[in-house]
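Below, chain A partners chain B and then partners chain C, in two separate complexes.
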Partner chain A sequence: MAVSANLLAVPVAAPLLTAALILLFARWGGRRRIRHQIALTTLALCLNLAATAILFQATAGRGERFVLQLGDWSAPFGITFYGDGLSATLLLLTALVALAVYPFAVATIDYHRDRMGFHPLYLFLLMGVNGAFLSGDLFNLYVFFEVLLMASFVLLTIGAQPAQTNSGIRYVVLNLLASTIFLIAAGVAYGTLGTLNMAQIAQRLTMASPAVRTVFAGLLLVSFGSKAAIFPLFFWLPASYHTPPPAVTALFGGLLTKVGIYTLFRSFTLFFPELLVSWQPILLTISGATMLVGALGALAQPGIRRVLSFHIISHVGFMLMGLAVAQSGNRLAVGFGLGAAVIYLCHHMIIKTALIMAGGAVELHMGSDRLASIGGLVTRQPLLAFLFFMSAISLAGVPPFSGFVSKLSLLQITLDTRHWFVSGISLFASLLTMINMMRLWRESFWGDYNRPSRVPVRILQSRIRQQLMLTPVAVLVLLSLALGIWGGPAFQLSMKVAQQALDREAYIEAVSPSSPISTPGAEQPLVSLQAYFSDHPKAISGMTARPLLESR
Partner chain B sequence: MPELYLRLLNRILTPILLLLAFYLLFRGHNLPGGGFIAGLMAASAIQLQILSRGHRRVRRTFGPYLNNGIGLGLAVAICAGFAGLLEGTFFKGIWFNLDLPLMASIKLGTPVVFDLGVFLVVASFTTSYLLGLSRVSDTAAHRRDEAASRSGYSTAGPDQADRGVATGTRAES
Partner chain C sequence: MISLLLALAVGSLFASGTYLILRRGQIKLILGLALLSHGVNLLLFGSGRLTEGRPPIFLDKNVYAETIASSLPADPLPQALILTAIVISFGITAFVIVLVNRRHTVTQTDFVHGEYVPLLREGDPFDFSDSSDNVQHDWLAYEVDEVYDSEDLLPGLPAMPESERDESTAMEEDSYQWP
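Let's look at the complex of A and B:
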């Protein structure tokens, strides 16, 4: 089946069009209009899943690459969408997570949020995430970052509880700071390289001076790392994830940090593959610290959702560790580390979402998620207890679930490349994860039945809502089980994805086949820089200016 | 009374602003201008109405349709993108000449439709933002007056009362 590149537009256009239609007809339909919104949203989510599945089959399965130049404007001038195995994998998992969280959200979101536009916001968030995975130039990446930041900020603060507003402000300020740093990085790229198209940046960076490369890489590492919640930059995540309704936390936990991870993967494989070797100590240190801080921080947390949000940070460290060893397989195929990171990413997105939803169900049953005051739910909700247990041991890495396969492959590559210290830390973090998961399960399900809140929960008295809450968790746990059982084929697929992502010549080739080295836009900033320096001869004595000019 | 001057100014400026917005909108696909700036200009005309006639009257006129305007604009813009699929690529511009009897021919195409969508989104969004701001400043001024007179009379409009009930229902879930 031939797949057209226009398919790349669907993950962005379908949520946007549906959200627009919902807004357009929001006034009509009386009391049934929420139902119409739910039906439309479900339709868009299914369409998105179908499109991304076709895309995944074509890219990861058959090794194709798709480039969509919007409006047929060629690469450096128009908007470029690029889809290869890595982006298609993330798109498919995003579609899965979004579709899985949606029934849970429908069952648990209150009428006030329904009326305030929860459903179109859900779609806008999905559109922002999808667009970030697809965009082929830095400026549109920034735009989609902002789309998803604004949508998630409103989803976080809608309802206007004081705690929500507090966490929302911390979330948006820290994320805007990261966006600003990213904008500065884009400015550096445009000022020194004369382009924002990612393929052209990759092309021209090989000729740029080391100072430019280092500054650009450092700025990108800080901004994307902050989006991904790596070690010293993760503070926005635990500050905000425990305040919105559980459905929103599940969506955020499944999607948001993965955008940062994807952009880190993409920028390091495409722009600076050699920095994966020379900066390896830095990346490994950051990943070790992230794993350790996340797991240790989770030990100290009093509530289910706080524990789980610290575990997201710990897992980001694991994925970063895979990226750090991506170029250094001495006797294995290059890209083993990245392949392991990709399969870890799949495992993490699936099971983290399931676990946050199960934890959210516990919270809704108990009226609180403070571990000290709840307990004994196993007799009242045996199915929930079972599902929670299954996802918890999958997260901790017990076979036959996906956690085992992904952790094993990551450990294998770090041991093979003789990074003993980091592999030790990752084992220790896994042990801490296991302890934490058992703590969560024991505190919330074992012991005497103890429900701190006296307020009856209305939404749990309806049988269909209970089913809507638990079915997606069950589906995700089954997916994790399947990923664990068919670990071999899944790993081969993710290796293919990783090798495709590491092949930067093919990326450049696909986006701009004619590869115009000197376009008019490229010359202009450099010419004006030279004019500036000839007018201001003293400025040339600055350390950074000289190599920039000599590199031409 | 400053509103008198604003009302006089309003009668002169509003048609000019709207005409200028229209002009910028339909030259934007080739020349400086376009949907975004035309939308801002139309919204500034509406802001002039808010200043001169008070936000309540403007809200009665435009308020109920603003969300629909945003939705309609987004839908129109994205449909202009889908029209490009007829020529093979998403967002590809399709152009045709419209021959008018008196003037020369006008070039029209899907980018104009896209600009129209952007115009609707920007104008509706900015208007709803301005109306929200004017309500906030209005209630703040009201509270000041209230504190000054110490009347103790409740000024919570239907919106505030509504929000209070809704947050109350949230607390139990």
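Let's look at the complex of A and C:
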């Protein structure tokens, strides 16, 4: 089946148009209108899942690349959407996570938050995430970042409880600072390279001076790393993830940091493949520190969601470790490290969402997530206990589940490239994860039944809502099991994805940006960049120097 | 000369914005964010060339290559970027102001405390009995109809209309028995 590149617009357009449609009629009526909102949102999520599944089959399965030049403006002038295996994998998982969290959200989000526009915000967040995965233009990426940030700000603080506003301020300010740094990076790119199109940036960076490359890479590492919550920049995450309703935490934990990880993967493989080698000690140090700090921080946390949000940080360290060894010479295969990181990303998105949802269900049943005061839920909620246990051991990396395959492949590549220290740290972090998961399980499910809150939770007294809460967790656990059992084919697929992502020449050729100014009818640009830089070797060492065309 | 002035302006905006963000007051935080976004906008402005008296207009499209070669026109793209960035930062500043206002209403404080301040004061890092947002799981309060329309938990929000309340509670009447 031939797939048109126009399919790339669906993951952005479907949530956007549906959310706009919902907002048009959002102020009318009460409960019944919210049912209409729920139906429309489910429709958009299913459409998104179908489109991304087709896209994934075409890109990761058959190795195609899709480029959509919006409005048919050629590459550096218009907005470029680019879809290859990496973006399609993330789009598919995003669609899965969004569709899985949605029933949980419908069951647990209260009427007040429904009325304040929870459902359109959900779609706007999805649109921003999808757009960030598809964008082939640096400034457009910034805009999509802002869209998803704005939606996440509102989702985090919707309801405006004291704890939410406290955490909201930290989250908003730290994320805004990261966006500001990213905008500076875009300004530096435009000032020194004269373009914002990612393919053209990749083209011109090979000719740029090392100073420009270093500054640009550093700015991108800081801003994307802050979004991904890597070691010194993760403080916004544990400060905020335990305050919103559990459905929002599950969505954030599944999607938000992964945008940062994706942009790190994309920018380092496309812009600076040589820095993956020369900056490898830095990246490995950061990843080791991230793993260790996340796991150790989780050990000291008192509540379920606090523990789980520290574990997100720890897992980001694992993925960064895969990126750091992506280019190293090894005898396994080209891009083995990145392939391992991609399969780890899939495992993490699936199981982390399931675990946060299960933890949120525990929290709803108990009225509190303080581990010290809850306990004994296993007799009251055996199905929930089973699902929680399954996702916990999958997160820790026990064999039949996907955690084992992904951790094994990452460990294989780091041992093969002789990074003993960081592989030791990753093993230690896995051990700490296991300890933490056992702690969560013991404190919340074993022991005497102990429910600290005297407040009855009405929404749990409905059987339909119970089913809506637990079915998505079960589906995600089954998916993780399938990913573990069919680990071989899944890993081959992710290796294909990684090799496609590492092939930067093909990316540039697919987008094929034309030179900004060319004489009509002439093939060559008026002034070739190469000729200019050979005449003026110091021209682009300064930040605001942009005399790309001035030699005439 | 003018580029030096521009660089100094960008630098001082960044410096004062960072200083204001690092202070504890919320209003200073808002001002700091605004100054930072102005600094970035100026930086974007400087990323195009600083030209004078050369509009980005070609009088005759047949000779635009020669026009570019003889005298460089201004670059209109940074201004489009700045316009987008201004719109975004305007929206975000509005959101932050509302958030700060809401926080002031619900917590009666202007200061941004560290999350673990009460713990550090206790001296025992593993005693979580007094951590403020551990004790009250406020989002749960929403689920309860008794608290749903109490004015003191949510000052300023409209109470749920009577007709809708009946309908919303009717949906929950299911057969599930709470143990």
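Basically, the second predicted complex is superposed on the first by the 506 of 552 C-alpha atoms of A that agree within 3 Å, B and C clash if a C-alpha of one lies under 4 Å from a C-alpha of the other, contacts with A are read in each partner's own complex, and residues count from 1 in each chain.
What we mean here is this: a residue touches a chain if its C-beta (ideal position, glycine included) is under 8 Å from a C-beta of that chain, and two chains touch if they have at least 3 such contacts.
What you are looking at is a predicted structure, and each value in this text was computed from that prediction instead of being measured.
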| item | value |
| --- | --- |
| Partner chain(s) touched by A:Y111 [first = chain B, second = chain C, both, neither] | both |
| Which of chain B and chain C A:P244 touches, first, second, both or neither | second |
| Which superposed partner A:L23 touches (first chain B, second chain C, both, neither) | first |
| Which superposed partner A:G191 touches (first chain B, second chain C, both, neither) | second |
| Which superposed partner A:M438 touches (first chain B, second chain C, both, neither) | neither |
| Touching partner for A:Q161 - first (chain B), second (chain C), both, neither | both |
| Contacts of A:V143 with chain B and chain C, given as first, second, both or neither | second |
| First, second, both or neither for A:L68, with chain B first and chain C second | first |
| Where chain A meets both chain C and chain B, residue numbers | 110-113, 159-161, 245, 364, 455, 457-459 |
| Chain C-touching residues of chain A, taken from the complex the two chains share | 30-32, 110-113, 139, 143, 146, 149-150, 153-154, 157, 159-170, 172-173, 176-177, 180, 183-184, 186-188, 190-191, 239, 242-245, 300, 302-303, 363-364, 367-370, 372, 380, 453, 455-464, 466, 517, 519-520, 526, 544, 546-547, 549-550, 552 |
| Complex interface listing, chain B residues touching chain A | 64, 67-68, 70-75, 78-79, 81-82, 84-85, 88-93, 163, 166-167, 169-170, 172-173 |
| Chain A - residues contacting chain B, complex | 6, 9, 13, 16-17, 19-27, 68-72, 79, 108, 110-113, 159-161, 245, 364, 455, 457-459 |
| Residue numbers on chain C that touch chain A, as the complex places them | 3, 6-7, 21, 26, 29, 33, 36-37, 40, 43-44, 46-50, 65, 68-69, 72, 77-78, 81, 84-85, 88, 91-92, 95-96, 99-100, 102-103, 106-107, 112-113, 115, 125-126, 128, 131-134, 136-145, 148, 154, 157, 160-161, 163-164, 167-168, 171-172, 174-179 |
